[in-house]
Amino acid sequence: MEKENTRFKNGLNALQNIDGTAGQNVMDSLTGDSKDIAKYIVEFAFGDIYTRNSLNLKQREMITITALLVQGDTAPQLNVHINGALNVSLSETEVIETFIQCIPYIGFPKVLNAVSVAHEVFKTRN
Amino acid sequence: MEKENTRFKNGLNALQNIDGTAGQNVMDSLTGDSKDIAKYIVEFAFGDIYTRNSLNLKQREMITITALLVQGDTAPQLNVHINGALNVSLSETEVIETFIQCIPYIGFPKVLNAVSVAHEVFKTRN
Amino acid sequence: MEKENTRFKNGLNALQNIDGTAGQNVMDSLTGDSKDIAKYIVEFAFGDIYTRNSLNLKQREMITITALLVQGDTAPQLNVHINGALNVSLSETEVIETFIQCIPYIGFPKVLNAVSVAHEVFKTRN
Amino acid sequence: MEKENTRFKNGLNALQNIDGTAGQNVMDSLTGDSKDIAKYIVEFAFGDIYTRNSLNLKQREMITITALLVQGDTAPQLNVHINGALNVSLSETEVIETFIQCIPYIGFPKVLNAVSVAHEVFKTRN
Amino acid sequence: MEKENTRFKNGLNALQNIDGTAGQNVMDSLTGDSKDIAKYIVEFAFGDIYTRNSLNLKQREMITITALLVQGDTAPQLNVHINGALNVSLSETEVIETFIQCIPYIGFPKVLNAVSVAHEVFKTRN
Amino acid sequence: MEKENTRFKNGLNALQNIDGTAGQNVMDSLTGDSKDIAKYIVEFAFGDIYTRNSLNLKQREMITITALLVQGDTAPQLNVHINGALNVSLSETEVIETFIQCIPYIGFPKVLNAVSVAHEVFKTRN
């Protein structure tokens, strides 16, 4: 039980450091039968994965926003993680540059979608 | 014309530095009507995009292998770019760790596919 | 001609039993050149496929909402088929549980999207 | 029943005209429980769709190979339909040019995959 | 430099002929760090690709709207290119028929999404 | 620690019951840096998700093979989970029927790919 608590505690910590209130809002929207999804996001995604060594949080968020852009149909998650990327100190330029690097591999449409979410995020934060 | 030559020359330079012979093999396989695709890969992907500022080549290859993993059906391209990632000095550990970071966002199957390509590449190089 | 009529009649019957007015609304929106798409949905999807043996309608809707979740960019169709799933007597818990089962195979973002559509549907029906 | 027979007969006719023996091989591989899939391909895909007006077969195969390229993980189907495209008199140049047109919209990897299938098909036919 | 100018000039010309003000709006929305994406769309997508021989603009837009439909999560880009398709003289019937041809290869949901964007475009133009 | 052990133990138990030696082979192939992926598959996918209530294992495998079919580029995982589906007593007919139900939602190509994997699995087991 100790260790399980540790996974949740570490995960919540990571989630709050990275995604701030945006991440908390996603958690709060998961109630009733879907409450366990929030638990798994905290314990598994953040407790197990984000707290690993070998890559730092800037690198992990760069990978995450790339994965979301390429997958498509992820505007709400991109919003959370572009905020997360900026929170762990990627610059706005680096966020856009990450998206530009994806052009040869997935084409312009999904890049334009991601840039459009980024512009909203940048405007809200500035 | 000067500048066009520059794009091709810079692109070929970047391609050779990053992907080495694996990249050259892809180019050589594009003959006849598809020869222009090789030209666009050199000029646009490598000449225009990889030579940009704001991100270094380690970061660009980390983004690229993430984009290829998430997109799926890209084993040959992953092979080339896992090699590229190691060539620009990502460690094997960082390559696998990049794939692990994708699990929460795309699930296990595509991560297992990418790890399987990585293991082949690692074995060939060692 | 007999048989063709049968396919359409059986399909319309199945469509109305499963998707109710939501399905009818989709059909009604398909006018002019796209009217034949409604015909194919009725005849082929519902007349040929949903009326087959070996799986019951609960199983068919479970498969359908899984296919829509994984494919992505299908919020309107998920809305129709989460309603359909509940109409053929899957419980709200079983709908959410179907989505949770998808996490290891497609990751959290598409599951969160589907859960968000499900919550809208549940609220409208209750 | 008349009409049903007509759908199957017209579909088989279209399938044989377009895909030749390659299409027949796909049909023949579908036995037992999956035999009905062959029936639906003949009746629906070929009997209902390919025989429609407003677009000719060259246009329909151009759309089909684009859809297969973009979707990914469709090498066997691309093989059949690149053959189909050539059978209805698209030139090899037009097939490759169709793929090149996709680069801005889906990126290089899936285009390279499709070109690689095309080169196999061209070699087998020449 | 001459040639580079030519790529941009030819690309802008093609973009304006095909996509009209809708294309220009996309360009105008790309400012700051993402301004270069507009440059690449003009130079590469339109300057390099759309101006090639072997296929005419009607064929290129047919391929493009197919690629966007199949890829999914591309409603804004479909809007621009359905307009583009009509601008280069595809008929509304041919646009819808292109989407119908995709049903056997990608299923109904993405076709319904594309038809829904098309209906909006048709209404705005009529 | 107790609880963590429980997750792993329960997960391994579920994995062995469902996927048998095929699942074990996947685990064994994950060594070195990727060993933790095996741990996460056991603890999270099987320990957390497959052991949940509300759906039985037949339903969970039906959802899983649907998710793998729709996602594409998952032949090795489909092989494991078609075996898993049969192990938890879905019939061969139900497996194929699950795939047929996907035709209207994702089209024929990915269904044909999954059927082809299923035929290999059926042959190996009989």
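Lettered A, B, C, D, E and F in written order, each chain numbered from 1.
FYI, contacts are C-beta pairs under 8 Å (C-beta built on N, C-alpha and C of every residue); 3 or more make two chains touch, one makes a residue touch a chain.
Since the model is a prediction, treat every value here as computed from it, not as a measurement.
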Common touching chains of chain C and chain A: B, D, E, F
Relative orientation of copies chain B and chain C, as a Cα rotation angle in degrees, nearest 5: 180
Chain pair equivalent in interface to B-E, over half of contacts matched, among A-C, C-D or D-F: C-D
Distance-maximising chain from chain C - centres being C-alpha averages: B
Interface composition of copies chain A and chain E: same or different, split at half: different
Cα-centroid distance, chain A relative to chain F, in whole angstrom: 27
For chain D paired with chain E, centre-to-centre distance based on mean C-alpha positions, whole Å: 24
CA centroid of chain B to CA centroid of chain D, Å: 30
Numbers and ranges of chain E residues touching at least 2 other chains: 36, 40-41, 44-45, 52, 68, 71-73, 77, 93, 97, 100, 102-109
Chain A-touching residues of chain B, taken from the complex the two chains share: 41, 44-45, 49, 52, 54-55, 59-60, 62-64, 66-71, 77, 93-94, 97-98, 100-106
Of chain D, residues touching chain C in the complex: 1-4, 7, 36, 40, 44, 48, 52
Of all residues in chain D, those that touch chain A in their complex: 102-109
Of chain E, residues touching chain C in the complex: 72-73, 92-93, 96-97, 99-100, 103, 107-113, 115-116, 118-119
In the complex with chain C, residue positions of chain A that touch it: 26, 29-30, 32-34, 36-37, 40-41, 45, 68, 71-74, 76-77
